[in-house]
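The data blocks that follow each hold one structure.
Here chain A shows up in two complexes: once beside chain B, once beside chain C.
Up next, the complex of A and B:
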């Protein structure tokens, strides 16, 4: 799975916008949207919100968790705990990236939020690597990780699976081969 | 000497308190049982500075930036003032000190103690002490001779002693007080006071009177008394000028005497009657502060200023009047006036006009019987004496100012100021000047910038604007056509009105008007094609949107606010002063356009108790509504004689008490109250940009938790919010017929549900009541329901109602069409009755599957379905344009009568017969022919017309929706992206 595919899924999340045009309810395959009244908040998927925003047809209302204080709290908690803490949105990284890239003028303290989310992300990825490392080094058969987001799983999946495969190969060759001493002079 | 008694406020915890002013008079300083000294910047200071001096503070004195306190650790300490840093201990006693005072220069402090001793200490060097021994009981109070030779003290042993400080000896002792064994048992604190300046008198409170002893001779020269003073006097204090003496008593009365005339010039009562335990004059002599044993602090304001003024008034009078005036004011000596709060006095309050002369006369009428010339003479004599010493400069007549009766009835409320609905307060540097359904006008007024930003919710109206606010506009309104701004007048410039008419098609998009000198814009609003301005001269000026001056008229009172919508103008103004926190507002609703008229003619605007108006506006559909400060939204009910119905209480949805909703707009269809939630304030800040929330409406009906209450609420709300349809159509606007039929359907459904519920509850009478609210065809359904549930009596009654309704509809028709000839109503009714009776019979006979029954019965149902198809109301649905709700009138499909149908069919034949006829002649001719038709044939025509009109409502909305969604399906398939705006 590509990260762009994960982002595509994230674009289905709903976000509030304040349109500056008026349009009656629109009927789409994914569901009905609207009606759009100028100045009145309405929930739309992120892809539509970004599309409208790029055409300057709306202002995006940032999600409630996209707030410096709340993110700071979350960062502290994430740093304190050894396990993964629940995230505000299953697509927090993607949403932050998308909204900040296209609608940073509608989000107060955009730079701070970017840094905070990056901090949280880094902390979580570090934990993920650490657990992968201990998983492998302790030769565990299975591991359970809670509260991981799709994007996080996706970043490590390719590498982890490949390396596990590789190691499996190495081990499977090594054990019967050790008696034969295949690798001894390698 | 009229003065103002300020309300008491909490100062300290319960117990003995003391109070004084600092030297400048800027601060009030108090100490109390809680051991704190508090420094108040005024009576209204809610956050006083405090210095903790001990567990309890018994007494304090303040002079030259030094604060001396007697605290519970048996010491007398000094603190700096106002910083409150400890500055050493002045002296100690074996038990606590009871009273400390400074001498006039501030160089010495005297302290009396419960260990029977009085000490006099030099402030600069506390080792230089003089101890005055001789009292045989705790010392109550001490006071310095202003000339520093003597000291007077009062003690629980019943004596008041004058000491020679240098010799530390008793000079004289008066056993005038009651003996007690301790301060806590003493009935009076007996605070002594020496006249400042001349130091002529020593005032000693003795029971209910004040004795004045003369310095030097130590004779008891006079007594100040008041007939109404029945309680022991606790404290006395001289005014800084030495002319007045104030006394506070155990029962809470405050009395001020003029010492020269020996007359009481002021008399007040503590609002709760607590013991006054300390009194102090402001250094200017215009205020008295006092504290009571419950720890409360009070203030009397405006004492000498008013006295001086009254005095001036007296001498401004003509010479002829002067003597009489003097006489009058003398007779008005308050000694003889009944105490304030007395019933007689209250009457006076209402009768007496404010002018001094008449007031005096009124007093004479009251007080003639009790006129006491003796006391007057005494006053005059005293004046002569004082003149010799040169200490008194005020003539005798002056202090005898009348005491103004205290008014204790309902107090008028300050009228609320004019405001623009949808604006935040003008004093803010960043504020909303207007937030309405069209857009937002923001005003910035800080160091960098004085500017106005105009932003439109719908960018299709106009792009955003940024204006420099060089004129200092404070008011704004915004419509689809223009921005209207106004500024108040300044010293040089007149009040200006500026209009940015951005929708103008020529190149000049702006005009400006100066108001006449002395006239200020108070409120303004924009309508469709006009602008209105209410001014401080109680004038309403109308302008066309292009800048032509139009009608002008006078307003009945000061404007509060006004709004415009389409052709309607709504003005709210002050009708009269309100009382006890209420506002008395009046409302005017005018309609311009072709028929100019006044719809609401200055009726009172109902507000919640103790509230003011906070928002005024029209719904998007044009119904006036307003919000008061308690958060109740009210809407005009045009169908009930222009009454106001509360439709929402925004406070009910608030989480905390200090949260509010700031209303920005109201929509009737869909029912939306658009507002901005404000946490902990009444209005939102400009940043971060507030988000609009939507609140539902709810009529405050009873028992809305029950199913019945809920449905009733829904029904009446629907009816209320349905009113705008009839208003819009009557004033010539296009209406959303889909929406109208939708709401009608919804109402009928609700009625049917309520009907079913009442049926279940065996409330047949209620069922009939409900049926009366139904339309005729729903009544038929109700009949069916009733007969199915085997309620024959009910069904019978309902059928009668159905008949009545059918008659009504048919009677209305000929009224509409006046040319209609006399009709055979009886016949028609009887025909219908047959139909309905037959229906009931069929159902009653246990054959509910009616279609197989009488052909007449199926006829009714068939009519319903067939009319659905032929309904003229089900328009071909497209994307309903969502622009402004008000649209100019499109020719409305009028309901057709039988005659019209007939005319359409037969027009050709008429024109063929007589081709040269005019349109009116054709109708006349047609009328003639129609009359010749047989009655039966006419009936057919009429019912045809009726069916198409009446039965169409129920179904058309639904059908329209189906069609519309089908339409969308196809467009979406064809070109999905084009449905989005670009």
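Up next, the complex of A and C:
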């Protein structure tokens, strides 16, 4: 899976906007989007919010978790715990990037938020690598990882799966009886 | 998105080999020290050191893996294969002590592949060899993962030169995951770039034709 595909999936998340135009309910295949009245907040998917913002037809309200104090608390919690803490949103990385790129004027302290989210990301990736390493060194068959987001899984997926394939090959050497039959004749 | 028009065939699983895999074909060219158990008449030209017309019994020579595998048979003793020194007791203790310091590229670029193929030859040390291969891989895994996932936009030749071919393939897949994420984060993922096929054809652009 590509990072752009994960971003595409993230754009389905809902975010609150304040439009400056008025429009009746629109009926889309994915669902209805409520009537738009200037000055009244309404929930829309991120892809629509970004499009309206670029056409200067709305103002984006940052989600509740995108706040300096809350992110600082989350970062401290992440650093203390050994396992993964619940994330503010299953697509926190993508939403941060998208909202801060297109709507940074609507979000207070955008740079600090960017730094904090990056810190949280780095801590989680470090924990992911640690658990991957202990998974492989102890030759486990199953691992359970809660609270992982798709983007984090995506960065490590190719490497981890290839390594596990190699390990399987080397482990099949330990049982010579089962694999001896694979001797191909030329 | 990265689409390939050609997907290379992967090397085979464990003790088997994939006939069409280029890695396996190059692997089977590795030479093994063997000792002949019966004489090979009129094949003296294969061994440069002796001048006789046929190869007598008990000669020590080196044959490539594909030939040794084909000639080896447990019942009719044609030849017996000795383990190359990397898989013997001495080196095995080195690998068990600390797998990270070893230069696996120097030990034969196909350490894991050749080791798996050696298990065909029914040496009494087979279980230990298989165990050492697995433990070496596990021991080096952490360092390979860290180096492949953290080296962005750097010259990685110093990191890669001590890796075996299997580990090099893992390194490239780790790097591709990292590059993909970093290019997305920088915003390059949504930029349109000319396809490499178009650039290679060097099609004349319309600005060149119009005066």
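The rule is simple: the second predicted complex is superposed on the first by the 170 of 186 C-alpha atoms of A that agree within 3 Å, B and C clash if a C-alpha of one lies under 4 Å from a C-alpha of the other, contacts with A are read in each partner's own complex, and residues count from 1 in each chain.
Here, a contact is a pair of C-beta atoms (placed from the backbone, for glycine too) under 8 Å apart; a residue touches a chain by one contact, two chains touch by 3 or more.
Keep in mind that this is a model prediction, so the values were computed, not measured.
Colleague: Report for A:2: first if it touches chain B alone, second if chain C alone, otherwise both or neither.
Modeller: So A:2 only meets chain C here.
Colleague: Name the chain, either chain B or chain C, that contacts more residues of chain A.
Modeller: On the superposition, C touches more of the residues of chain A.
Colleague: First (chain B), second (chain C), both or neither: which does A:35 touch?
Modeller: In the superposition, A:35 touches chain B alone.
Colleague: If we overlay the two complexes on their shared chain A, which of chain B and chain C does A:86 touch? Say first, second, both or neither.
Modeller: After superposing on A, A:86 lies clear of both chain B and chain C.
Colleague: So, does A:136 touch the first partner chain B, the second partner chain C, both, or neither?
Modeller: In the superposed model, A:136 contacts chain C only, not chain B.
Colleague: Using the superposition on A, tell me which residues of chain A are in contact with chain B and, in the other complex, with chain C.
Modeller: Correct list for chain A: none, the interfaces share no residue.
Colleague: Under the touch definition given earlier, write down the residues of chain A that touch chain C in their complex.
Modeller: Interface residues on the chain A side: 2-4, 7, 97, 101, 129, 132-133, 136-137, 139, 151, 154-159, 162-163, 166-174, 176, 179-180, 182-184, 186.
Colleague: Flag every residue of chain C that touches chain A in the complex, lowest number first.
Modeller: Going through chain C, the ones touching chain A are 1-2, 12-17, 19, 66, 69-70, 112, 115-116, 119-120, 126-127, 130-131, 133-134, 137-139, 141-142, 145-146, 148-149, 166, 169-170, 173-174, 176-178, 180-181, 183-185, 187, 189-190.
Colleague: Inside the complex, what are the residues of chain B that reach chain A?
Modeller: Chain B reaches chain A through residues 437, 439, 456-460, 674, 688-689, 691-694, 879-880, 882-883, 965, 968-969, 972, 976, 979-982.
Colleague: Considering the complex alone, what residue numbers of chain A touch chain B?
Modeller: 16, 18, 20-24, 26-29, 35, 37-41, 48, 51-52, 55-57, 59, 61, 108
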